[in-house]
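A, B, C, D and E label the chains in the order they appear, each numbered from 1.
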Amino acid sequence: MLTARRLGKRYGEKRVLRRIDLAVPRGGFLVVTGPNGSGKTTLLRICAGLAQPTEGTIERAVQRAQVGYLGHEPLVYRELTALENLELYGRLYRIPERRERIGMLLERFGLWEARHDRVASYSRGMTQRLGLCRVLLHEPELLVLDEPYSALDEAGAELLDAQLAELGGESTFVLATHDPARVEPLASGRLALA
Amino acid sequence: MLTARRLGKRYGEKRVLRRIDLAVPRGGFLVVTGPNGSGKTTLLRICAGLAQPTEGTIERAVQRAQVGYLGHEPLVYRELTALENLELYGRLYRIPERRERIGMLLERFGLWEARHDRVASYSRGMTQRLGLCRVLLHEPELLVLDEPYSALDEAGAELLDAQLAELGGESTFVLATHDPARVEPLASGRLALA
Amino acid sequence: MGYARDVGALARKDLLLELRARDTLPAMLLFVGSVFVVFHFALPGTSSRLATAGLLWVAILFTALLGLGRAFVPEREQRTFDGLVLAPCDRSAIWLAKSLATLAFLVAAELVALPLYALFFHSVGGATVAAVALADLGICGVGTFLGAMAVATRARDLILPLLFLPLAMPIVVGAVGATVVDSPGRYLGFLALYDLLFAVICWASFEYVVAE
Amino acid sequence: MGYARDVGALARKDLLLELRARDTLPAMLLFVGSVFVVFHFALPGTSSRLATAGLLWVAILFTALLGLGRAFVPEREQRTFDGLVLAPCDRSAIWLAKSLATLAFLVAAELVALPLYALFFHSVGGATVAAVALADLGICGVGTFLGAMAVATRARDLILPLLFLPLAMPIVVGAVGATVVDSPGRYLGFLALYDLLFAVICWASFEYVVAE
Amino acid sequence: MNRSAATIQAVGRTRISLPVLAGASLVLVTTALAFVFFVAPNDADQGFSQRIFYFHVSIAITAYGCFAGAAWKALRHLWKRDPRADLESYVFVHQGVIFGTLVLLTGSIWAKISWGHWWLWSEDQLVLFLVLFLFYCAYFMLRFSVDPGPQRANLSAVYALFGVVLIPVSFAAIRLSKQLIHPVVFTRDGPNFHGWILVTYCLAQVALPVLAYTLYRLELSAKRLDGRLRDLREVLA
């Protein structure tokens, strides 16, 4: 599904990634760990196709439409409401039964009541939940999640556990986290950056 | 140190906090928990003096200069370097031996190498570390920390543990977190919002 | 068909954002309105057709620059560019939608500007309106493209006019010509050609501007 | 003394940010320069002193508005206002520092604008320079204050000119007067009075604008 | 000062009750109208139409009074943290803008009659009033683009204070720039009219502020009722 060979990335003089080899099979679940500034986000952005490696090659066996990326930023417009944001992405991804699916996700992630509020007025955890809704909206085959548990409360984290377990084996995951124990049962591969 | 009586806060029609009573003694350590959107951030902003309650009263037995607030945002300028940011705050807080202290903090939080880089190029955990440096810079008596562990790697979290333990009993803490177990040994009071 | 729907969804988002934050259109209206009012009081009534046509076009150009400078501000401030880049739509749809949204603001500003111009200076004929329409297309298309390039650099607000003004010179020449002469056909043709040419370049190369 | 150091540290930060991002000054320079160049070609050489003085002042006002609109953009985009509000310095220092930074940009723009004006239109005398200096103080002081107010609102870029222009009217009246008449003393006095009066209110009430 | 203390103070302060006020303003306005139309003599050179002057001038002064009231309440909000002052200040501005509109209307009518134009851009005084009027219109823009809360109250209050400083400064600017073309009634020698004209004018000048105050109290109590209803609904919910 995802194959990288001798990946390297540098910003100007600074080398961030060095000779990374990856092979994530379809349905695989790669957990990326590493201290702050070790290049997890950089690697995940390359996996999602948001950045290009400066060395080596990466191959994705899926279309762009089948990739879901959750980064440190929720990638939603703060001046729009949750509904409007999901509507936009729903149209762009051509989701069938768009409205129903949006409603279902908002309800599942506990944002239904707040769906008409501007995202700017959301709490941090609510924004993260909205980011998750956005990522799951189009049922991507490849999910690239950068610290998806951050800012979530216990209920939210369990919800995410359940979502990951439900999709596990079916979708392919690349997930960066500082708490690998949490996703241990699902993991099929590990990559520790240093 | 911090006394609140029948605190309430609402945004327009929406009521976020309702009849909160607080009494944190000098050297106390209040842990605030609650699900996403329960009002932790709102309460902490009120404690730090960044927001006013719409009902009830709050009293702080310290000057503004003695308050340190770490919110969801690191409150640093992304176009400036770590050093320039801390220099600015060091001047505003009139830190004696400013440069030495800045150097010490940067080294302790592992940012010394990156001190001349713009914050925009920092990883998320590095930005959080810089936010911690900023908060600790002026050795505040009242520390208001909103999910300070978020985005930190294991080493960073242990560093923060050590810092909290070192200051515990001396400074007063109000700390919001989704992982109360982590600060359990230090906690002298708990507040669970719903 | 699908392409048009993507463009529609993206442009709708920009209009909605403007409706919420009212960041762009008021500034453009205020600017273009005050330029004309001021010039009206500053210019003696008998200015040459050429001078006032030049004025009209400079006003339009700078009003557009105002709007273009803000076109990508929401994406930058809220760091949502990644979301658009990842979306399965053709990347050129992002450019087209943003151009259309900017065009909408520019046209709205001109709906105020042209009557004011007619009131204060010279009457506005069909050729002028046609020139305005054609020039608008070129200005918004090229300008949005450069705006997206400028967002990627650090000195955004310096870069945009620096790149844009030279590229807009042919538009001004053609447009002033079309406004002033009696048979503006050639000038209008030139403007249309410019639009077509640059639309094709922008459309084909926008991909490389947004994706790394 | 301590107050001055706070203001210095804050203003230094703003200048540094501008140096890095070059967001404000290039736009101001470009605007004011092109206004004069365009008017030079549009206005016949023999325009009245009053007309060109009006032009000068409108150009300065709008250039300032451009800078003022961006004064609080870093704080807003990077949400650093809280950091400044929490700092132990007197809150009015934030206003003063931001005003000084904006003033620096405005003066830099005028160092280009006034020679251009002298070149194209009328010579610039001591009274004009004094009027510019006094007006700049008022414009930047009041404008920065309103800019901080506007940041807190939803329609920022609409609000700022709406609030600012009425408040700047007395400045324009006084400044045009000082530029045109032979004995500008009264006008300069009026401008100084305006500056003083509004500096005092801004200074005293800025606290309420930034803190809840 | 906390809320309950403020309430006690409000109860303790004697206020004219709303019905009495309404009655008084009704009587005063009708008397003033009667005087304007039946008692005051025709103007020597402007004839009947000059009668609009009684209202025009007193409405203008009432509008300024409202703006001053708004600033006073704003000061109370900022200084004393009087929890009711924000709403009161807002209502004063609202009344001021309503009366300002009336100034523009009556002034325009008068201008049409005596100068033959609805509006003259060359009249600095008119433009000045328009600018001030727009300044206060912008108050609403400002207020309604901030979410309700302490910050909105602060911003509105500061703005109202700016207004009350801007008014004299603008007048000074106009006076400086040229001799007033707009007629000046209150010259240094005192009012240049006498007898019934003076009586009628004074009557209108009393009636309109009382009317404005009545409207102010009316709007205030309606707004307060809204707030209480909202609180009540919340308690029930």
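General observations
Criterion: a contact is a pair of C-beta atoms (placed from the backbone, for glycine too) under 8 Å apart; a residue touches a chain by one contact, two chains touch by 3 or more.
On a predicted model such as this, the values are computed, not experimentally measured, just so you know.
Taken together, subunit C and subunit D share no touching chain.
The minimum number of touch steps linking subunit A to subunit D comes to 2. Traced through touching neighbours, the fewest hops from subunit C to subunit E number 2. Geometrically, the chain at the heart of the complex, using CA-atom means, is D. Centroids of subunit A and subunit C (each the mean of its C-alpha atoms) stand 36 Å apart.
For the pair subunit B and subunit E, the distance between mean C-alpha positions equals 48 Å. Chain geometry summary: the mean Cα position of subunit A and that of subunit E are 58 Å apart. Centroids of subunit B and subunit C (each the mean of its C-alpha atoms) stand 46 Å apart. In subunit B, the residues that touch at least two other chains are 11, 51-52, 79.
Shared interface positions of subunit D, defined as residues touching 2 or more other chains, are 20-21, 154-155, 158, 211-212.
Taken residue by residue, subunit E touches two or more other chains at 149-150, whereas all remaining positions touch fewer. Going by the touch rule set out above, the chain pairs that meet are A-B, A-C, B-D, B-E, C-D, D-E.
Across the complex, subunit C meets subunit D through its residues 20-24, 26-27, 30-31, 34, 38-39, 41-44, 47, 51-52, 54-55, 58, 62, 69, 77, 154-158, 161. Listing the residues of subunit D that touch subunit B in their complex gives 2, 5-6, 9-10, 12-13, 16-17, 20-21, 74, 78-80, 82-83, 85-89, 211-212. Only residues 2-3, 147-150, 230, 234 of subunit E touch subunit B when the two sit together in their complex. In the complex of the two chains, the subunit B residues touching subunit D come out as 48-52, 63-65, 67, 69, 71, 73, 75-80, 84, 88-89, 91-94, 118, 134.
Contact residues on subunit A toward subunit B in their complex (touch as defined above): 11, 34-37, 40-41, 72, 110, 114, 121-126, 128-129, 147, 150-157, 178.
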